[in-house]
Amino acid sequence: MRHRKPRYARPRRSPPGSPPGLLAVDPAAAPPRLSLMRYGPAGLAEIADPAPEDLAPRPGEIVWLNVAGLGDAALLQRLAGIFGLHPLAMEDAVSHHQRPKFEDYERHHFIVLRMPDPGDARFSAEQVALCLGEGFVVTFQERPGDVFDPVRARLRNPASALRGHGADRLAHALVDAVIDAYFPVLERLGERIEALEDIVVADPGPDRIAAIHAIRHELMAIRGAIWPTRDLLSAMMRDDSDRIGAQTRVYLRDCQDHAFQLLETLETYREVAAGLVELHLSSQSNRMNEVMQVLTLIATIFIPLTFIAGVYGMNFDPDAGRFAMPELRWAWGYPVVMAAMAVIAGLLVLWFRRKGWLGRR
Amino acid sequence: MRHRKPRYARPRRSPPGSPPGLLAVDPAAAPPRLSLMRYGPAGLAEIADPAPEDLAPRPGEIVWLNVAGLGDAALLQRLAGIFGLHPLAMEDAVSHHQRPKFEDYERHHFIVLRMPDPGDARFSAEQVALCLGEGFVVTFQERPGDVFDPVRARLRNPASALRGHGADRLAHALVDAVIDAYFPVLERLGERIEALEDIVVADPGPDRIAAIHAIRHELMAIRGAIWPTRDLLSAMMRDDSDRIGAQTRVYLRDCQDHAFQLLETLETYREVAAGLVELHLSSQSNRMNEVMQVLTLIATIFIPLTFIAGVYGMNFDPDAGRFAMPELRWAWGYPVVMAAMAVIAGLLVLWFRRKGWLGRR
Amino acid sequence: MRHRKPRYARPRRSPPGSPPGLLAVDPAAAPPRLSLMRYGPAGLAEIADPAPEDLAPRPGEIVWLNVAGLGDAALLQRLAGIFGLHPLAMEDAVSHHQRPKFEDYERHHFIVLRMPDPGDARFSAEQVALCLGEGFVVTFQERPGDVFDPVRARLRNPASALRGHGADRLAHALVDAVIDAYFPVLERLGERIEALEDIVVADPGPDRIAAIHAIRHELMAIRGAIWPTRDLLSAMMRDDSDRIGAQTRVYLRDCQDHAFQLLETLETYREVAAGLVELHLSSQSNRMNEVMQVLTLIATIFIPLTFIAGVYGMNFDPDAGRFAMPELRWAWGYPVVMAAMAVIAGLLVLWFRRKGWLGRR
Amino acid sequence: MRHRKPRYARPRRSPPGSPPGLLAVDPAAAPPRLSLMRYGPAGLAEIADPAPEDLAPRPGEIVWLNVAGLGDAALLQRLAGIFGLHPLAMEDAVSHHQRPKFEDYERHHFIVLRMPDPGDARFSAEQVALCLGEGFVVTFQERPGDVFDPVRARLRNPASALRGHGADRLAHALVDAVIDAYFPVLERLGERIEALEDIVVADPGPDRIAAIHAIRHELMAIRGAIWPTRDLLSAMMRDDSDRIGAQTRVYLRDCQDHAFQLLETLETYREVAAGLVELHLSSQSNRMNEVMQVLTLIATIFIPLTFIAGVYGMNFDPDAGRFAMPELRWAWGYPVVMAAMAVIAGLLVLWFRRKGWLGRR
Amino acid sequence: MRHRKPRYARPRRSPPGSPPGLLAVDPAAAPPRLSLMRYGPAGLAEIADPAPEDLAPRPGEIVWLNVAGLGDAALLQRLAGIFGLHPLAMEDAVSHHQRPKFEDYERHHFIVLRMPDPGDARFSAEQVALCLGEGFVVTFQERPGDVFDPVRARLRNPASALRGHGADRLAHALVDAVIDAYFPVLERLGERIEALEDIVVADPGPDRIAAIHAIRHELMAIRGAIWPTRDLLSAMMRDDSDRIGAQTRVYLRDCQDHAFQLLETLETYREVAAGLVELHLSSQSNRMNEVMQVLTLIATIFIPLTFIAGVYGMNFDPDAGRFAMPELRWAWGYPVVMAAMAVIAGLLVLWFRRKGWLGRR
């Protein structure tokens, strides 16, 4: 196996040809940590490691079970049995690198999202699967740590409107929290792009192109996470079952609006990043021009002068005849030659200045 | 926090995970300044700081309340109560960077537009939200100063057709005013592009690429403002409520036509701007060629001559033998060598002229 | 105001915020010249400056009123009154830079086209607006001079099928004449592109890029005129009023076919023009390579030779010792050194020839 | 008129403004050569120059009239009369450069195809128009010579299934023959692209770019011929008249599949051709780098050495003082200087080797 | 015929114009090897070389006949007769280079897939055709060796769910196995792209561009295989016959999801590969800059020094006058000149360092 972390996400799956619906748990996955919130207009109960009898939904109450870590196939199978989750949904929940999607099974809706890791400098996301059924929401995360704390805070607040609504509103709140978590990610990325823009002009080099490509790749990864989320929300709003209430649909429209905003910002960033490549090319080419101009100026001025010096370094014998370099014996020969050289150099400098080449050095 | 103004608009939102419909007023926002126009076929009343009892719509009259500045959550809540505005609409009205959109709520339509700032040299836009309900239009702007003065003038004109129609015609007039405000913006941008085109040829350099990119970015920003406006108008024309009359729809079609015109002009500008990059590259490359040709000409002519001078600067002793540089002692040695050099230089110049390199210097 | 003609068409409109339907006549526009053709199976009457009573359509006859020049608002208003033309249509008819479109108003259809100026070397087009109503066609042109003469000739021909049909066939004939007028325009443009292609290879330079861009811009302008015409024709064929007969629709399909042909030719030209940029870049780069190769060859051959000449120009005293340049005193020293130089030069030339650099000079 | 053949196909039409349906025969067109096949389950009759009474379809028999050459308007009008062909169809049949299309007229279907010339090294195509009516197929070609011989052979074979079916199957067989004729065309083009790829690396130059562009242009032309054929087949399969039987539709689907295969191959070739441009650019740039490196190596090594030689060529008088070039008089001066030069040259070569520049020469 | 394997897949077909439905067997194709699996809830029978009477489907049992090798037209015709396969389907099954597709014939569904060869370093695929009928699945492969072994293993497992379902589930399992086989192919390709990325920076050259192009071409080929598979699955899920059960459709949706994942990964790889071209260009350009900078530095420093040395190598006679190079006779002349040279070289180095050119060497 490869030991380096691959640079580009590669799809992973259960072994080719294995039967669909197989719960192929990644052996390296963290053991599940369960946490339950059971609430209704009457009150809220939080249970850290719920027993099976705590899990089953009860009338008039909403159950939110969060499963962080997907390393125990038997436990997951048991949970699937309690809530009536479809084997294909469970298979997707445990296999990473699913694309965000919405699917309706007989007994529950199934939503896959990519949740950005707010702590990372570079964009990284883990998969969150959400099952929305009659009176319950079950969420599966790859590992503990998520962006759901504000939702938990709202549930804990007795005055929150969230408590008075059904499981569909909780599902919306969770989806909304995931989408909102992309805003600070894009904010940071925007700052990095601006910083890179300054560097590219100041000091072009192949490292810069690599940095631009890294950013473009992050943009692709974020787009790959948000783009299908938009379709997911459309599918949720179009859903013809009665699991999602009319009022929740209005809120989902709002949610989709945020997804659109994110996508437009991404589009802008993509164009800016594409422009960075051109900027880099131009900077490189400009630096090359500068170097060439210096060479040209120095060489063009000194080459004729050196030739003249070479001529007067020839060893023709001035005694050999009238035209055999008599100037070597003239008293003013040397000063005149030096002056001629100065005049030539001056004329060349003037010519360069008129060409605008000196001003640009 | 960053103190520099970010170069690329970044989406901003209420804190991630906060409940939707929260009126998250920007603490730096200006305090609202209200102005009311109440009119009907009978007449027009303008009230600068209307009291709550002035606000409520009355039968047979149209109320236009303009709110400039969004810094007072309590006041905005009160206004929402009076006109029956939906919490999600209010949330969108106060948060900047919404994309232009049209939404229908139970008691009113909700329109978001981006209004260009006509005074700015570079394109900048503020958000305008418009609520169109039964007998009223409420507009929310980020700050005082807008493009609605011609609409106000038409309302003040007793002969204006606008007075005799419903709130939908007023809404159209306001949307139309915003779209029309983009025409001078594009006019100015077109002039800047032409000016830049001349500069790029005359003096290429990495600054030019940066300027081209700035313009491309402005084009993207304007497109991002107008493109969804087109969809907004389609949605308004398709709207199946009776809040928008058949005649107003004809006028909206006209309005959409203008949006199309703007988008086509933008498309042309985008292609021209993309062409500028190529033009710049070609200019840079051409300048480089010029520099190289001068170096080549000078070097190519003088290198052989300098070599000859070097040969006759060798210190072989002419006394050593018959073939040991006897020419150094010849009376015509020096003139012959100088003439040979002149001939060689002349031949090279001729050759260059035939190659077409001298003509292009 | 700017006195230079802008290079890129910029949308113009009535002052922002002015009421729609305002007849904002351009003060610089030419005064209208009216010409009327009134015909039916029975005969044809041509009236150069028709009186108002000549204008009104009469049963069994078709009236074609051509208005060339849009500088008289009062007259245009009067005409609109006679034919029942909608204010929005009139506004569009007098404002230049409308995009081609088809609109149906209650009492007439309204068509905007861009008519190419057949006399111009570069593509330029003026706006033609056409109102098709019950028994009449009114056309508005910016100035006298059009592509309708063949239609007039057909009307004057008593045997022409055109006389026996309704106003819809006349409208088709006029639209068809406008579309056909683009064929010679593209023919000329094709010739210019081919000529430019030859020049780009022979003599690349930044002027060429500018010329390529000018052509690309013309292609964009032509496309901007034809593309919406295609939609216009679709809308006409789909039109559910009975103003356009079934047989005319068959002819419109033929007409649309021509628009498709034009668009495909344009698409080809666009790709060819895009290829010209690459060709230009390659030519430029090749010319640079040629120059560099000459420099390299000359320099590479003479630099070592000059070094050798420099060595034997050193002033070490051969009397100082056994190894202090004794060759300066050898009788064969000079010939041997010269021969060595010739050998070195020959070897270098051979090496260059094997590298294929001499063959490409 | 231009005497050179234009490089890019330009649309041609009857003179602008002429009435539609005019049979504008190209005066340079070949005179028509008619050939008739009349067949049924009973047998087959082939008539080379059929008389008018041979042409009319008879019940229980299928007539295929092939018209090669379009230079006789009167004859074509007569044929149109016999088979009831629509004037617009006839106009399209005789005017070259129609795009492939399917149209249904009252009395017949009308199909335009572009038939590749199998003998040409470069892609060229002539127009084939096909009228499919009740019991007859009429085909119009620009000139004799076509790809229909296998269809003729099948008709002559008494056992062929084709004989037992209607005119729709014959039309399918002809369309299929035209589409299949593109396969060898693409095969040859693929070989030319591969050959060009090898040449571009071995010997880049502006000729190569021209060759790449020629191939891209051929690809465009082929795509322009096949792309609309795909739509044509869709339209035929969707056709709601009963002229095309259910079984023939299954065969048309097969035919469309071949069109799809051709288009995918074209798409691949287009990407490969686009890649050739990059390859060419890289080759050119690499060749330039090679040249520059040779210059740099030679110059960099000899410039310091020549300087040293220059220093010891200075004419300071060693008698003038202790520090006035006493080394000129040292017995080991010359060998030491020569050794120093060798050492410097060696160090530079080593440095270049470490930089990896010598290995790439 | 060509003996080199063509680099780009070229479509192949039966000879142009041949009747459709002709079983044109490739003479070079391998002779068919048949293997049969007949199963039901009761048990499984595997027959290696089944006799004709073994083949026919029996009620309550599912038959899977796998035909590996397509070189025997008579046998294939016989099989088509037994299972009632349509001639067009058979023609497609034996002709390579069909694009993946789904077609429904009267008596069976017909599916074409491209199966990747898992053993190959470079992507290569063979065609698999699958006929799904009442109680049977027949698969045709170009040659023995496939990705179906996991499916066979599941059939051999008495506990497998596959045994209890109909032929549609078997067809799904086979299609799923083919799609899953692309995951390791993309995994390997991802590794090759990363490796190439490192090489491009370290050692740019035209070979790299060729390698990038080879990878881009592989990406195109894989995309050409998967893209239509997605449509195929959509068509299967939309299929309105009852050959595909509701439960199988849920599994097909899962299958389509995998196809989407593959396509997204491909899209990412395509963008990365496009970025590699830019990276290569930048590396090449950077290497050129490096070389030029070394030349410039060395030349710029030594050219003035060499000129000075040249001046003092001039043979003016110091005896000729006061200004005729008296410094040649000064005791400190030589040291002063040498020091001046050192100062000039030092100043130039300083200037270069301030320009940032030395730091980048």
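Things worth noting here:
Lettered A, B, C, D and E in written order, each chain numbered from 1.
Rule of thumb we're sticking to: a residue touches a chain if its C-beta (ideal position, glycine included) is under 8 Å from a C-beta of that chain, and two chains touch if they have at least 3 such contacts.
For clarity, every value in this text was computed on a predicted model and none was experimentally measured.
Listed by label, the chains touching subunit A and subunit C alike are B. Subunit D is reached from subunit B by a rotation of 145°, derived from superposing Cα atoms (nearest 5).
Centre-to-centre, using mean CA coordinates, subunit C is 25 Å away from subunit D.
Centres computed as Cα averages put subunit C at a distance of 41 Å from subunit E.
Multi-chain contact residues of subunit B (touching two or more other chains): 281, 285, 288, 292, 295, 299, 303, 306, 310, 313-315, 325. The touch graph of these protein chains is a ring, one cycle where each chain has exactly two neighbours. From subunit A, proceeding by way of subunit B and on round the ring, the chains are encountered as A, B, C, D, E. Those residues of subunit C lying in contact with subunit B across their complex are 2, 6-13, 15-20, 88, 92, 97-99, 101, 103, 203, 205-206, 208-210, 213, 216-217, 220-221, 224, 277, 280-281, 284-285, 287-288, 291-292, 294-295, 298-299, 302-303, 305-306, 309-310, 312-315, 318, 325, 327-335, 337-338.
Remark: subunit D residues 147-151, 154, 160-162, 173, 176-177, 180-181, 183-184, 186-187, 190-191, 193-194, 197, 201, 250-251, 253-255, 257-258, 260-262, 264-265, 268-269, 271-272, 275, 278-279, 281-283, 285-286, 288-289, 292-293, 295-296, 299-300, 303-304, 306-307, 310-311, 313-317, 320-325, 356-357, 360 touch subunit E in the complex.
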